[in-house]
Each structure stands twice: as C-alpha cells, then as structure tokens.
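Next, two complexes with chain A in common: one pairs it with chain B, the other with chain C.
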Partner chain A sequence: MITSNLPALIVATPLIMSAIVALLPSGALAWVITLLTSLAVLVFAVMNTVIGDGQPVSYALGGWPPPWGIELISDGASRLMALILAGLSFASTLYAKALIELEIHPKDQARTYGAWLLTMGGLLGLVMTADAFNLFVFLEISALSAVTLVAMGAGVDRRALIAAYNYLIIGAIGATFYVIGVGFCYAVTGTLNMADLAQRLPEATAAPVFVGLAFMVTGIMVKAAAFPVHMWLPAAYGYAPSAVSSLLSAIATKAAIYVLARIFFTIFSGLPDVTDLILKWILLPLSIMAMFGGTILAIYETDLKKLLAQSSIAQIGYITLAFSVATISSISAGFIHMANHALIKGGLFMAVGAIAVSIGKRANIGSIAGLGRAMPWTSSAMLVCGLSLIGLPLTAGFISKIYLVLAVMDAGLGLITALILLSSVLSVVYLWKIIEVMWMRPYQGPAISENVMIYGPLWLVAAANIFFGIYAKPVVDLADMAARAITAHALIGGL
Partner chain B sequence: MTNLIATHWNYLVVVALMLIGLYIVMSRQNLVKKIIGLAIFQTALFLLYISLGRISGGTAPIIDAAKDYTYSNPLPHVLILTAIVVGVATTALGLALILRINDAFGTIEEDEILAMKDADRKAFKGKTDGGDE
Partner chain C sequence: MFMSVETALKIGIFAPLITALLVPFLAVRVNFRDAAGPIGGVISFIAALHVAHDVLQGGVPEWTILTIADGLSLSFKVTPLGAIFGMVASGLWILAALYTTGYMRGNHETHQTRFAICYAIAVHAAIAIAWSGNLMVLFIFYEILTFSTYPLVTHKESQEAIRAGRLYMAILVGTSVVLLLPAIIWVWISAGTLDFTPGGILAGKVSADAAPYLLALFAFGIGKAALMPIHRWLPAAMVAPTPVSALLHAVAVVKAGVFTILMVVVYIFGIEFISQTEASQWLAWLAAFTILASSVVAITKDDLKARLAYSTVSQLSYIVLGAALASAAAIEGAALHIVMHASAKITLFFCAGAIYVNAHIKNISELDGLGPKLPWVFGAFFLGALSIIGIPPLGGSWSKFMLMAGSVDAGMPIMLAVLAVSSLMNVYYLLEPVARGFFKPQQKDIHVDQHFLTIMPPVLTAILSVMLFFFVNWITPFTQMMVTP
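The block that comes next holds the complex of A and B.
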C-alpha cells in the first residue's frame, strides 16, 4: 500500500500537513508536527530510492494513465532530488525551532510552519512531476509560500518586506514566462506530458517550438537565480529569518535548476541541435560570468548572509556550467554538486543564523571578531562547511570540484577548466576573510552560551560534509543514475 | 498581412497586453500599479491559452451521439482555471505585502522606500560595526 504510492506520498504528505499545522494554536506543537512530517517525507524518499530494481516508476495520479492524466515520475533523477530536498528540509526543520522562537512573534509561529511545509511540498512536487503544466502549479505553490516565509523576517528588519515583494514580482514573471513557453509547445503538440512532449516536439512546426523553449528556459532561469536574472536572491536570503535562509538556500534554487535540466535533457531531448546551441553559446558563458560575478561580489560584501547569497550565485554557476557541457559525466557532476552545495550552504546559513541570534545583531565582518573562541561549536562547524565550499580534500566540496573538473576536461574544454580552478581560488579570498576575523582576532563581548538545539543540527550537516567527502560513493552513484535517467529520452545526439 | 491580422487578431491582442503588462511592472514606481501590471501580464497569458482551445464553429464539448458537432478543446480552459487561481493568489499576496510595507515605511512609492532603505543600511552599519574594519 505504502510502497506502491511512494511518489504521491512524498508530495502529498507535506501539502496536507501544512493546512493542519497552520491552524495549530502553539508554535512548539506546530514544530513537533512539522518535524515528524519532514521525518516521514525523508523516510518515504529513502524508501523510494532503496525499494525497487532501479527502473523508473510512473505513478498515475487519480488513476488516469499518462499522457492524459497527471503523471508523477520516480526515476534516478527525481529520486536523488527528493532525497536531497527531504534530507536538508529535515535538518533545517530540526534547527528551526530555537531560531523561529527568537525571531518570529509567537502568534505567527504556527502559520510560519504551515508555509514552511507548503514550500517543502511545492518543491518536492516540482521534482516529482512529469507534467509540464502541473510543474507550473508546484512552482507557484513553492514560490508564494517562500515569499511568505521571507516576509516573516519583517519582525527583525523591515527591509525583508521589500525583498519579499521583489521576490514575488520577479518570481511571478518568471513563472508566467514558463507557462507561455508551455503554451507554445502545447499548441503544436497537444500534450503536456514530458515524455510525450519529448517524442512529439521534433515532428512539430519548428518556430513555435523554439519560441516555447526560449520562454521556458528564461522563466526557469529566473527561478533558479541563474546569472543575470539572479537579482532577487541576495536580498531575499539576506533579510529572510535565519531558519528560512538555511531552508531556501539548501533546497529552493536546487529544485529549479533540476527543472532546467529536465527541460533541456528530457522535454527537448529530440532537438539536440537547438539545445546544444543554447547550452554552449548562452548558458555556458552566463555560468562563467556567474562564477566570477558572484565570487567577486562576495569578496566585497561585508554582511555575512548577503556574502553567502552572492557565493550561492557563483555556486549555481558551477552547476549550470556542468549541465551546459552536456555529457553524461558532466551532468552527473552537476547533480553531485547540487547535493553537496545543499549541504555546504545549508550548513553555512545555519551557522550565520546561530551567530546572529547569539550576538543579537546582524552578523557582519565587524561583529564576528573572535567568535571562534566564544562560540566554539558553531564556529568550528562553520569552518568545516567553509572549507567544504572551497573544496578542500576530505570534504564533500572536494568531490564536487574533482568530478566537475574531470568532466569538463574530458569534454575537451581546457580553458573552462582553468576558469573553474581560478574562481575556486578566488572563493578562498572571501572565506579566508571570515576565518581570519573569527579565529585570529580577540573576542570582546559578553560570554555566549551555545544552544545544543542550534549547533546540534548544524553539526549534523557539517558531519555530512565530512562523511560524503570521505565516502562519496553513494552520492556519486546516485548522481550517475540521475544523469542517465534525465537523458533517457534522448533520441539522437552525443548523449 | 491584412489577412493575417483579420484571422489572428486575438493573438495580437495577447501580445499587446503582455507588453503593456510587463512595461507597467518595470516602469511604475507605485507598488500597487506594479501588481496591476502583473495582473494584465497574466491575463494576456490566459487569453493565449483560451484562444488555443477555440475552434471556429465549435461548441461546448458535451458529447451528443445523435448529431455530428465540432467541439472546442476544453483542456486549455481547465488549465487556465488553475492559472487564474494562481494569479488571484499572487495578487492577494502582493497586496497583503503592500499593506505591511505601508505600515512599516509609511509609503508605497518605490523611490521613497529605497531612500529609506539606504537610511536603514546606514543605521544598521552604525549599530553593528563592533570591531575594526
């Protein structure tokens, strides 16, 4: 009963529970139920990966068979994404309690957890669905609830409201662009199912298909915060409540990047000439600009949350770069980095949130001096995640970098390999700036007692960074399966 | 060309509305007007889909075995029903945010808010810069 309905359960559980949680009278109770829900989703996601023979499972919602009904697909790619999303949501939820109690008015806490679960459900739906229009609905469910979560930061800083408003407007335009694109493809094929679209698009009239592809890609790039349509991200992550920043940075853009890969490698797999052109001449240069632009802005940023957000732009650039090279090994490297970057950024945002509530003001380069001694647990976990971001051996970040560099070299792009290494070196600059101030300056301030409810989950994520840096096999294997699954519809071409 | 306009004028309306909506979102300073622009932009999308489903001479798709009717495609209409719900939710959330922005800043004009944001940034800097920098 449960095993045959796993794809639907992963999506439906958080969506249904969000309505219940939002009505609860107390924030503490809402947190317990949210935690149990995210644990259940994690268990479902693990079962979904482990059970079965590795073959794709198609789930017809409501018993209507695809291509007429809405189909959920559980293949290598969506399994890995569900696992990343569920795992990081669980860790973020565990961490959220202490911070939400400090940053959000007691009256609003239960409703915040409601929006929290809605965001999770929307993003999980985004990765599980195999229907292009259904994808738009999940895109908007997750976006509207994420905007609400960002706006909850207004209790601490009123600028959160402006960030949330801009996130809403830009996000809505992005989503509408996506649906316009779907409309063009639907007009010439009469289908919305991704696999069905993949088969019919090559035979359809060319012009509407190209217009559709352009609209879809542009729309989803906005959602994925790909350069140059990433402007909403630093403000939204910078002013959101700390717990929300860690949740969104870990999972929100990842789901959108996955959708981008689905568009290129599944929906438009029948038109390799066109997608190749866009990948090589548009997405690849933009990714390189993101790598350098994000890193350089991060070097000059002094506010820690915004610094991490700028660095996310660069890291998203690495992932889109991996996808734009478009070989099996580079797509797989992209998936590896998605998993590892979720661990790295989730952990770093958790640490910065913990620092901000402990010192009672925004964490910036000036206010974190000497915290290495005053908050040893938090600071050391932050150090681990930071080293992982640079890509030091024995951390998860190293695995990402090595697979990315090898894949790009294999594709014969030596210059781009050099650019990747150069931007990695540049990222040392902003991380060293933080490490130096935190660990090598004297601490002047009142003694800080660290809360195990905050640094416990943080260390869980930091430990995962080390664990997957030493024992990378599960991530690498799953990413390889993901790359093969997402390109399974490719009819012709070099894939 | 004129023939194309005569047969496809509904699509021209769609394109015009889309551009008007986008232009309003980008050019207006007033936050409510931006939401109105967004609503116009999304309405253009609804009209695009509804135009797609319409066949000239087509009727409502209720099967009548006795007569041989031409039916319009109902699926785009159903899709747009969903998109309208999403659009209403977006507008509602946007307006709710504007209410809160008005409470917090005392204005809904973007340039005035940006000026206040700069003041906030300076205030925060003064308050938080503890050490040497």
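The block that comes next holds the complex of A and C.
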C-alpha cells in the first residue's frame, strides 16, 4: 500500500500536514510535528529510491490515467531530487527550532512552520510532477509560501518586507511567463502531460512552440535565480530569518533548475535543434557570466548572508553550465553539483545563522573577527563547508569540480574548462576573506555558549560534506541515473 | 618480518594523522604533546623502512582504501621513488619534531598545539603523496598539504604573515587548480587511467605535438616545485617559524613538488616517450635559467632564511632539470638529489633557526664572530653548505655528479656549465655566513643561549649528509629500479 503510493505520499504528506501545523497553538509542538513530517518524507524519499528495479514509475493521481489525468513521475531524476530536497529539509528543520524561537514572535511560530511545510510540499511536487500545468500550481504554492517565510524576517530587520515584496513580484512574473509558455504549447498540442508534449511538439506548428519554449525557459530562469534574472535572490536570502535562508538556499533554487532541465531534455527533447541553439548560445554564456559575476560580487560583499547568496548565483551558474553542455556526463555533473551544493550552501547558511543569533547582530566581516576561537563548533563546521565550496579534495565540492571539468573537457570545450577553473580559484578569495577574519584575529566580546540544537544539525551537514567527498559513489551513480532518465525521451542528438 | 608490508604501509600513512588527532588531547601536558611528534616520526619511519625494504625485494606494496567513484580509487602503491621520498619525509620528521620543541619553547611561541596538529597533518600528506597509487590520489594529498601548511605559514598572525599566507594560497592553489587539475584530467581522458605505471601510460595516447603542452601544464601546475616564475610563494613562506621552513619548505612541501614532476615524467609520460618527442627540452632550459637566476637573487639577500629560500628554488630546479633531461643518469641524479638536498638543506635551516633562537640574529651581516660561540651550529652549517655545493666527502657530490653525467648523456653538455657556474655561486653565498662567523671579529657582545634541542638536530643531519656520501649504495638500488623497469 505504502510502497505503491510513494510518489504521492512524498508530495501529499507535507501539504496536508502544513494545514494542521499552522493551526497548532504552540511553536514547540508545531516544530515537533514538522520535524516528524520531514522525517517521514525523508523515509519515503529513501524508500522511493531503493525500492524497485530502477525503472520509471508513473503514478496517476486519483486513478485518472495520463495523458488526461495528472501524472506523478518517479524516475532517476525525480528520485534524486526528492532525496536531496527531503534530506536537506530534514536537516534544516532540525536546525530551525532554536533559531525560529529567537527570531520569530511566539504567536507566529506555528504559522511559520505551516508555511515551511507548504514550501517543502510545493517544491517536492515540482520535482515529482509529470504535468506541465500541475507544475505551475506547485510553483505558485512553493513561491507564495516561501515569500511568507522571507517576510517573517521583518521581526529582526524590516528590510525583509521589501525583499519579500520583490521576491513576490519577480517570482509572480516568472510564474506568469511559465504559464504563458505552457499555454502556447497547449494551444498547438492539446496536452499538458510532459511525455505527451514531448511527442507532439515536433509535429506542431513551429512558431507557437518556439514562443512557448522561450516563455517557459525565461520564467523558470527567474525562479532558479539564473543570471541575469537573479536580482531577487541576494535580498530574499539575506533578510529572511536564518533558518529560512538555510532551507531556501539548500532546496528552492535547486528544484527550479531541475525544472529547467526537464523543459530542455524532456518536454522539448523532440526539437534538439532549437534547444541546442538556446543552450549553446544563450544559457552557456549566461552561465559563465553568472560564475564570474556572482564570484566577483561575493568578493566585494561584506555581509555574510549576502555574500553566500552572491556565491549561490555563481554556483547556480556551474549547474546551468553543466546542463547547457548537454551530454550525459555533463548533465550528470550538473546533478552531482546540485546535490553537493545543497549540502555546502545549506551548511554555510546554517553556520552564518548560528553566528548571527550568537553575536546578536548581522554577521559581517567586521563582526565575526576571532569567532574561530569563541565558537569553535560552529566555526569549524563552517570551515569544512567552506573548504567544500572551494573544492578541497576529500570534500563533496571536489567531486563536483572534477566531474564538471571531466565532462566539459570530454565535450572538447577547453576554453570553458579554463574559465570554470579560474572562477573556482576566485571563489577561494571570498572564502579566504572570511577564514582570515574568523581565525587569524583576536576575539573581543562576551563569551559565547554554543547551542547543540544549532551546531548539531550543522555538523550533520558538514559531516555529509566529508562523507560524500570520500565516498561519492552513491551520489555519482544516482546522478548518472538521473541524467539518463531525464534524457530518456530524447529522440535525436548525441544523447 | 614482524608485520606484513601492507600493515606497514597503513602505519606509515596513518601514524602522522593519528599523531595529529592525539595532539589536542595530549595538550593537557606540554611534554606529552611535544613527545607525540618524535614518537609518531619513529613509528612512521620504521614503517617506511619496512616498505622500502619490500620494494627493494621486488615487491609492490599496494593498498586500496575505497573506490570514490568508478575509475577513481583512493589507493596507494609504492614506487621506488616513492619509497625514497617516504623514508626522507618520515625520517627527517623525527629530528624536525625534536627541533620544533626546542625552537618553539626557546622562542616562546603561542598556539603550539595548533602548530603541532597542522605540522603532523602536513607530514601525513607528504607520505601519502610519496606512496600514492595514481595521479588523483597524489593531487588530493597535494592540496591537503597546501591547506594544512597555511596555518603554519601564518602562524605569527601578523599582517606580514597573513599577506604571505595569501600569496602562498594564491600561487599554490591557483596553479594546481587551473593547470594541474586539467592536466590530470587530460591524461585521464587520453589514457583512460591515472595509475603510475613503469614505462609510462601516454606513449601512443598523446601526440608528440601535444606532449610539450601537457608537460607545461604539469610543470607550471605543480607550483610546489617552485620553477620560475611561480617561485614567489617560497620566499614568502619564510615568514613561518623555522621548523616549518626546515621540514616543510626545504623537504616535505617542495620535495613533494619535484617528486610529482619526477613521477609524472617517469611513470606517466615514460622516459622513452619524453626523450623521443623531446617534449621536455624547453623545460630543461627553463630549469637552467631558474638555477642561475635564483642563485643571483640569493647572493643579494642578507636575511639568512631568504637566502636559503632562494638557494632552495635553485636546488629544486636541479631536480626538474634532471627530470627534463630524461636520460637514465639524469633521472637517477634527480632522485638522489631529493635525498641529498633534503638532508643538507634541513641542516642549513636548522642552523638558521638555532642562530635565531639562541642569539636572536636573522641577518648574515650580523653573524660576525659568532662562530666560536655556537661552534656546533656553525660546523653543521659548514658541512651542509659543502654538501649543497657538491664537494666530497658529502652526499651532494654524488647527485651533482650524476646530473652532470646525465646532461652529457642527454646530449646537452651545455648544462655542465650551468651546474658548474651554479656551484661557484653556491660557494660564495653559502659559505659567507660560515666565513663571517669564524674569521671576522665580533662587533658587539651578544648574549648567546644554548638550547640543546635546537643544536643537536642540525649536527645529526650534518653527520647524515656525510654518511650519505659513503653509504650512497643504500639508495642507488632504488634509483636504478626507476630507470630499468
């Protein structure tokens, strides 16, 4: 019973529980229920990955068969994404309690957890659905709840309201673009099911299809914070409550990037000429600009949360670059980096959040001096995640780096390899700025006692960074399956 | 034997790491903490001897820890060259650890626990490099070596130290990521493997036209070999406490660099492939330039450690030259020079640090008349300098002789002149401190301490340099195995 309904359970559990959690009277109770829900989702996601013979499983919601009913798809790609999302959501939820208690008014806490679960459910739906319009619905669910979560930061810093408002408006434009694109495709094919679209689009009238593709890609790029439509991200992550930043940075943009891959490699797989054009001449240059732009902005940024957000833009650039090269090994490298970057950035945002509540003010280059000795647990976990970000061997970041470089070099793109490596070296600069200040300066301030509820989950993520840096086989294998699954509909081309 | 060779391999690699992990717990008593280094050194040295013995018997000690991902395994396999480097790194660690205790205490340094931890991790990385089974494992520990030595370079936490640390990271991480990593992946894509194989893996896989470029990626990507123009990190790193300069920036780190170049030439390209394609001729000229240019710079330096640093840059290029000449004698000379230069240069750095701790002098111009007050130190310095110059009966004469023979074999007799001129400059800039110490009158009365643990290690390494002349046949079997697979 459970095993056959896993795809639906992964999506439905957090959605249903969010309604219950939002009505609970106490924040502590809401946290317990949220934690149990995210644990359940994680268990479902793990079961969904290990059970079965690796073949795609189609799940018809309500028993209406596709292409008429709404279909959930559990193939290599959505399995891996659900696993990433569920794993990082669980770690973030574990970590959230202490920070939400400190940063959010008690009477708002239960509702915050409600929105938290709604975000999770929306994003999980985004990766599991096989229906282009249903995807829009989940896009809106996750976006509106995420905006609510960002706005909760107003209790600490009023600027969170402007950030949330920008996030809302820009996000809504992105979603609208997407749904317009879906509309065009629906008009010429009469279907909304992704696999069905993939078959019918090549035969349909060309002009509306191209317009539809352009709208869909642009809309999702906004959601994924791909350069140059990333403007909402630094402020939204920078002013959101610390727990929310760690959740969103780990999972929100990842789901959108995955949708981008679905659009290119599943829905429009029948039109390789057109997608190739967009990938090679638009997405690839934009990715390179993101890599350098994000990194250089991060080098000059002094506020730590914003610095990490700028760095996220660069890291998203690596992932979109991997997708734009569009070989099996590069798409697989993109998935590897999605998993590893979720671990890296989730951990870093957790650490910065822990620092901010401990020193009682925003963490910036001036206020973190000497914390290496004042907060050894938090700082050393941050160091591990930071070294993983710059790709020190035996951390997850290194695995990302070599597979990305291997794939791009194998595709014969020597110059682009050089650019990737150059920007990865530049990322050492902004990280080193933090390390020097944290570890090489004396600490002046009151003694800080660290809370195990904060640094425990943080170390869990940091340890995962080391574990998957040494034993990368599961991630690499799952990513390879994901790349094969997402391109399974590809009719023509080198795939 | 009392343990299997695979156990010895594991012990040799992990003894330094376990030492590093134990140090914070032993730090409750400074004597326990400071004993950990020498004890760890003795253990890993014994293991390294055992492993080397097995290599000499024709064995190939191997150990695969795990498979990171398909085609990428964390495995160790000891080559003859690796056996030599493993013995050098672990053996000299014993003395360096003793010396560290004397230096840090005599100098009243802070953060000694962090220092001891990073120091042991660096040795762990060096031994892992020595015994790495493929290029990727070598790269992994190469990077770990860089990162673990950063806190040692910036130990003083002064502005100068932090600036030096930035340069150190920028050059070493920058070159390794931008040049070395793509070179490794190029090899991986072309040859389908990264294993160190006698005779090389690239013959027929990489075209003769492309080979010089691939070699260039390696030569400049391996920043630790301090080839000009990427040598600047080494003088900058001299801001670190002298035990770091002695073991790491005269032995472990820089030797890891030239060791990597030798491994790439011998076990990745293959000597035959290199000499057929003449891919390394440009490298021989660049090494020759580095040898001479850095000797000239060394002459201008008054700071003793800076002068020794530039001397190291010059001497490292001897080894690169040997690798680039790629004749059997030259490769053997290069491998021998790893050992000979290690024992001699660590002696010189030990002496420089001993002079600093005991007499608080850094500059050569202030050494006048100090010799009789620190006779052992200056005596050891004298022997170390002679070994680097290459005068019998000191070990350095053998490697220089082999390199000279190798350059004739490789059809580049002009290199004889380079080596000869370099030796003359060595005489000038390395013997000046000794001459000032013994023959110039003392200018002002300086209080001189006598910290035993700073004086004994250089004396021992100086004796080692002499012994290496007479017992060079302990090492030549390894070097011969390198060139006759």
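In this section, the second predicted complex is superposed on the first by the 495 of 495 C-alpha atoms of A that agree within 3 Å, B and C clash if a C-alpha of one lies under 4 Å from a C-alpha of the other, contacts with A are read in each partner's own complex, and residues count from 1 in each chain.
Just so we're on the same page, a contact is a pair of C-beta atoms (placed from the backbone, for glycine too) under 8 Å apart; a residue touches a chain by one contact, two chains touch by 3 or more.
All values derive from a computational prediction rather than experimental measurement.
Residues 441 of chain A are contacted both by chain B in one complex and by chain C in the other. Across the interface of their complex, chain C is touched by residues 387, 390-394, 398-399, 401-403, 405-406, 409-410, 417-418, 421-422, 424-425, 428, 432, 436, 439-441, 470-473, 476-477 of chain A.
Against chain B, the residues of chain A that register as touching in their complex are 133, 136-137, 140, 144, 147-148, 151, 154, 157-159, 161-162, 164-165, 168-169, 172-173, 175-176, 179-180, 183, 186-187, 302, 361-362, 364-367, 369, 437, 441, 444-445. The residues of chain C lying in touch with chain A in their complex are 66-70, 72, 74, 136, 139-141, 143-144, 147, 151, 154, 157, 162, 165-166, 169-170, 173-174, 177-178, 181-182, 185-186, 188-189.
The part of chain B that touches chain A in the complex is made up of residues 18, 22, 25, 31, 34-35, 38, 41-42, 45, 48-49, 52, 76, 79, 82-83, 86, 89-90, 93-94, 97-98, 100-101, 104-105, 113, 117, 120, 124, 127-133.
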